[in-house]
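Structure first, then comments.
For reference, chains read A, B, C, D, E and F in written order, and residue numbers begin at 1 within each chain.
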Amino acid sequence: MRPSSRQPNQLRSIRITRNYTKHAEGSVLIECGDTKVICTASVDEKVPPHKKGSGEGWVTAEYGMLPRSTGSRMPREAAKGKQSGRTQEIQRLIGRSLRAVVDLGKLGERTIQLDCDVIQADGGTRTASITGAFVALHDAVTGLIQKGLVAENPLKDFVAAISVGIYEGTPVLDLDYDEDSACDTDMNVVMLGSGHFVEVQGTAEGHPFSREEMDTLLELAKNGISQLVEMQRTALARD
Amino acid sequence: MRPSSRQPNQLRSIRITRNYTKHAEGSVLIECGDTKVICTASVDEKVPPHKKGSGEGWVTAEYGMLPRSTGSRMPREAAKGKQSGRTQEIQRLIGRSLRAVVDLGKLGERTIQLDCDVIQADGGTRTASITGAFVALHDAVTGLIQKGLVAENPLKDFVAAISVGIYEGTPVLDLDYDEDSACDTDMNVVMLGSGHFVEVQGTAEGHPFSREEMDTLLELAKNGISQLVEMQRTALARD
Amino acid sequence: MRPSSRQPNQLRSIRITRNYTKHAEGSVLIECGDTKVICTASVDEKVPPHKKGSGEGWVTAEYGMLPRSTGSRMPREAAKGKQSGRTQEIQRLIGRSLRAVVDLGKLGERTIQLDCDVIQADGGTRTASITGAFVALHDAVTGLIQKGLVAENPLKDFVAAISVGIYEGTPVLDLDYDEDSACDTDMNVVMLGSGHFVEVQGTAEGHPFSREEMDTLLELAKNGISQLVEMQRTALARD
Amino acid sequence: MRPSSRQPNQLRSIRITRNYTKHAEGSVLIECGDTKVICTASVDEKVPPHKKGSGEGWVTAEYGMLPRSTGSRMPREAAKGKQSGRTQEIQRLIGRSLRAVVDLGKLGERTIQLDCDVIQADGGTRTASITGAFVALHDAVTGLIQKGLVAENPLKDFVAAISVGIYEGTPVLDLDYDEDSACDTDMNVVMLGSGHFVEVQGTAEGHPFSREEMDTLLELAKNGISQLVEMQRTALARD
Amino acid sequence: MRPSSRQPNQLRSIRITRNYTKHAEGSVLIECGDTKVICTASVDEKVPPHKKGSGEGWVTAEYGMLPRSTGSRMPREAAKGKQSGRTQEIQRLIGRSLRAVVDLGKLGERTIQLDCDVIQADGGTRTASITGAFVALHDAVTGLIQKGLVAENPLKDFVAAISVGIYEGTPVLDLDYDEDSACDTDMNVVMLGSGHFVEVQGTAEGHPFSREEMDTLLELAKNGISQLVEMQRTALARD
Amino acid sequence: MRPSSRQPNQLRSIRITRNYTKHAEGSVLIECGDTKVICTASVDEKVPPHKKGSGEGWVTAEYGMLPRSTGSRMPREAAKGKQSGRTQEIQRLIGRSLRAVVDLGKLGERTIQLDCDVIQADGGTRTASITGAFVALHDAVTGLIQKGLVAENPLKDFVAAISVGIYEGTPVLDLDYDEDSACDTDMNVVMLGSGHFVEVQGTAEGHPFSREEMDTLLELAKNGISQLVEMQRTALARD
């Protein structure tokens, strides 16, 4: 029995709100149960040094949590003067995941910067960030096309992410904080609309997992991500 | 004529939403026109070194802006590794303003940390932060009293803040971003419910102001803050 | 009765020594009672990025205290690896105050950097810095004119600063350290030779002030600053 | 055909040298082809704050590369003043992997710090670090047991790691630098002697992988790690 | 012929002013020609961790230059967020030099912190710092003895320092900036009143020096330091 | 009697291994008894700003210690976020020492960066670094000549370094860690093949040294360095 009474293969209730803030080229509030992340996409007509003169663009991400997005207040990273290893790991993951669906040549020499800021955390902030950031990225890209700055759609597919894990012996989909802290095996999966994997990050500090468990978890993730991609499509179809 | 068509002495439309996020002891979303700030109050049963053993508590604040809360994206302070001078100035101002209404002895040896995070900026973020943070602080203090941790109400009064300035020759209340960037004189005023001043910060990089202009501006601010205090009372009266 | 036996409206004894060190384009030692600040003006034939190609110059300031300028030794900011919020607040104030009297177009694309270093502190270091820095700036500007680098005098007026506060119930001018630490209301005022205000920063962490108190304090400040401007004129008239 | 002419399922030549340096409680040079990493284990009779008073110990890791361990010189992280996101990600991975085989209760309240320093890099430095660090950890733990500081062996199993990837369409084991830079799918696998997974980190920035590809890669990794564990056993059996 | 027309073995004119600022336990302005350094000694009734419980005290030093103490303005180290290698090298040298004359056991478990801040630089700032800091240290120690906090004089001897170098082929004493920048061999010598050496730091980036040149330089330094020690004695004999 | 049973004028056993790692233009492992340092030379076809357009090259050095190169583990400087004063002092010394033998004009506008990384420390790491780095530099320069990038040999002489000190009253050559920690006078000497001095850094925190002692120490150092230069020649003569 899951703390939230969900079925093992049941996602939390998901809500995707586009145009959440007014300045960004793409701005999305994604809510996965009590996890809430603001994902914005900002277009910058410059590229980092390693892309200069290449004719290609860049997509990158930053991640942050409001200090009291969590049960007990975390020190503000800006005040501490550095981002934690966890933060850097997550923002590198988001950046790689989004780049997997972008044809950087078609994007042209410009950068799309994704900012994922957690305003309330209840587990799964990194996967929610990826799922929400894709929608913000899509809006930003659509804007570039509408303005005639980009000729051909650089988005090759949809991308979304979910966590899976083994909670009290049962493989479950979309861990919330209560499950996440009680569960020793945790896997974050990033998948395309096509069903191909972009990232699989399984971690088992407590309970190493067998090949069979891994297979079950990957199956759960696949089904969850299919649903998320559907929700992204629906959100993007709205005006 | 103001860009927003407001009267010179007219506030923007203000909305105060309590219990905006679920973890904090006080959590408020304050919206002043298009300026939106999440203000949370976190109770910590410790005090900083200069208060240890004093029997007194402490109230302090931190301030941040989401990178794309603004028209063009600002670098993330956590990634840059330091808070700007502006950020530090603002969070010191918020902290002093809130401490002005707290009897630290009655609070007891604990800290209330206020976090003011701007999710959308359109001018006046520091004054909105103070006005919203007071409500979050009030909720946190009420919680301490209800739990029996604090015996006597440490809040001595209400406190709120507003900006005033001279826009195209006319003294106006509650500057939005368009006015703020076009106006050379800018004053932030923090006032108690009693009408006494806590902070007056007038800055005139472009157009030094006369004593008469200052008097007009202070009058405008006083009226604006009276209305804000009324809205705080209303918000706190709701369940 | 003030600790220094001064009258409520009496400045400390002020001394302004020009050409205090030999390398800088302007170098002033200002002594306000026991507060001693070295103010230097350095001309740099470059401007910061936001002024490049604008035809306009820039004026900026930095502030520091020798570690043992104070009663108990403060950690050296260079060793700690960052400037405190207080330091940044003060140097931003000094920069804004000086820019208020400079026509940046007439200055041309060059920067004048003001360094205010406190070698002995006894209250009022930020206001002494502004008053002294103006004289150093004046000397640097005169040098530029004499060398034919600047055609027309970019200085529009004089600028000076003083603190006022309410000490044991009495509004007083030019607080020294003993008064400053005992007094809950403290206001720093920056004013032009013309009598217009550039900055008014009143802070009342302990004792919020009424409109009437504010009026009295502003009047005290105005009279004090008139005297300071006179002393600046006298100092600059000396060879 | 692999650049090194190896078979798809062939490891590079591996050498594990124990007691490589004289001061550390465990000190191993691991060579995987041209990749060379010094792994040391240092025992510290203290634990980090989150373990104080818990009766449990801690195992953690740090990772670094000599600036010219690589083809072109990388800036020294100590001189830049911070560790890159990649470095932090790797050292967190090493720490988690090693903790998976340690019973922290049996270790007692002490820390074993693993330092993995790459002196020559040719791909696979993070997996070589894990494989080598386990041997250093084993030596340090044996020392603690021999000194009577630890009563019961806290090591629950062996742990080793390897990379796998798809190089020019063929799934291959143990990527060297030439393969790694040419290959879009890259997976690092950490496994116990028992064959259970501790970490699976598959990344496909360029070429998303199918479920079938993933299965093949996991199989390759499993066989590779079995061989590595055998080599660890052999190395530890030597005097 | 030296730029200053001094004889090869002639010191610049030296002035030592005690009680230069009012807060410090020892405060000295030392002027060596146009080089001016404020040296303060601060007593702290604590010791660093490596001396805790040892019964011994500690003496340490910090060094800084005002940004415009030099011909062209140097960036402020506090603003850059770190001390340069040169600064750290110099403050470590000052600390070691002063500790050479202090019996740390007699000092008792307290720290004397020396701050050497250059307000005008014309070569030889590190040696002037040592010579001046000794006088400040002496005053601080005398104060401790007079207050009865220290029973027996912990100062074992006098210590002073000077630079020597080969300028246009001639060995000269006490290099000023013009000589220093034109001269390839430069030696800083720290010596006791007894004539024993504490530090000899000879550097010849341009013109390596022979054993004979070294002998001549050491002789020059010895004579110069004897004179400096005499001036320290005279200064300390004044009331 | 020395702890190592060496004669007072006897070096430790020295081994110089060229081509120790494969990527660098020069790569040397130098072993002086139990002190082991990897010295690499990296050629970069750029120069720092102060050499741009000068037609001259630059030679610079960085130094580091693996955390467990020492008896008890030292914190990793990259993790602490800054290099210690000691590290900076040493790398500045190495850089100056090597530049003393390079004709920067003949090198042309390129930088040779020397990295000295201590993998095992037993005293004398800075002098071993200089002696080893010279050999790496020599190999890098030979490579540049062989590729036709440099026309004329920019190396003017050999350079090597050694420590000397007074151990239990006896002047001894090449201090190991046991001697170094027990000995109050310590001198590092850097000398050319010609016998001229490049650096002499004598430090006597505990026991100030007389002129006669200094003479004896310099003589010991001279003889030691002659032997080291001979070993460098032998190593470079090998293929």
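Assorted remarks:
Note that a contact is a pair of C-beta atoms (placed from the backbone, for glycine too) under 8 Å apart; a residue touches a chain by one contact, two chains touch by 3 or more.
In UniProt terms the chains read A, B, C, D, E, F = Ribonuclease PH.
Predicted model, so just to flag it, every value in this text is computed and none were measured.
Listing every chain that touches subunit B (Ribonuclease PH) and subunit E (Ribonuclease PH) alike gives C. Path length between subunit A (Ribonuclease PH) and subunit E (Ribonuclease PH) in the touching-chain graph (shortest route): 3.
Repeated interface: D-F and one of B-C, C-E or E-F share more than half of their contact pairs by residue number, and that pair is C-E. Relative to subunit F (Ribonuclease PH), the most remote chain by averaged C-alpha coordinates is B. The angle of the rotation superposing subunit D (Ribonuclease PH) on subunit E (Ribonuclease PH), based on CA atoms and rounded to the nearest 5, is 120 degrees. One finds 51 Å separating the Cα centroids of subunit C (Ribonuclease PH) and subunit F (Ribonuclease PH). If you average the CA atoms of subunit A (Ribonuclease PH) and of subunit D (Ribonuclease PH), the two centres end up 28 Å from each other. A separation of 59 Å divides the Cα centre of subunit B (Ribonuclease PH) from that of subunit F (Ribonuclease PH).
Looking at subunit D (Ribonuclease PH), one finds that residues 81-82 touch two or more other chains. The touch graph of these protein chains is a ring, one cycle where each chain has exactly two neighbours.
The ring sequence of chains is given as A, B, C, E, F, D, with subunit A (Ribonuclease PH) as the starting point and subunit B (Ribonuclease PH) next. Interface of subunit B (Ribonuclease PH) with subunit A (Ribonuclease PH) (complex): residues 21-24, 27, 34, 36, 38, 40, 42, 44, 62, 64, 66-73, 76-79, 81-83, 87, 113, 115, 117, 119-121.
Remark: subunit D (Ribonuclease PH) residues 82, 85-86, 88-89, 91-92, 96, 99-100, 187, 192, 194-206, 208-211, 214, 218, 222 touch subunit A (Ribonuclease PH) in the complex.
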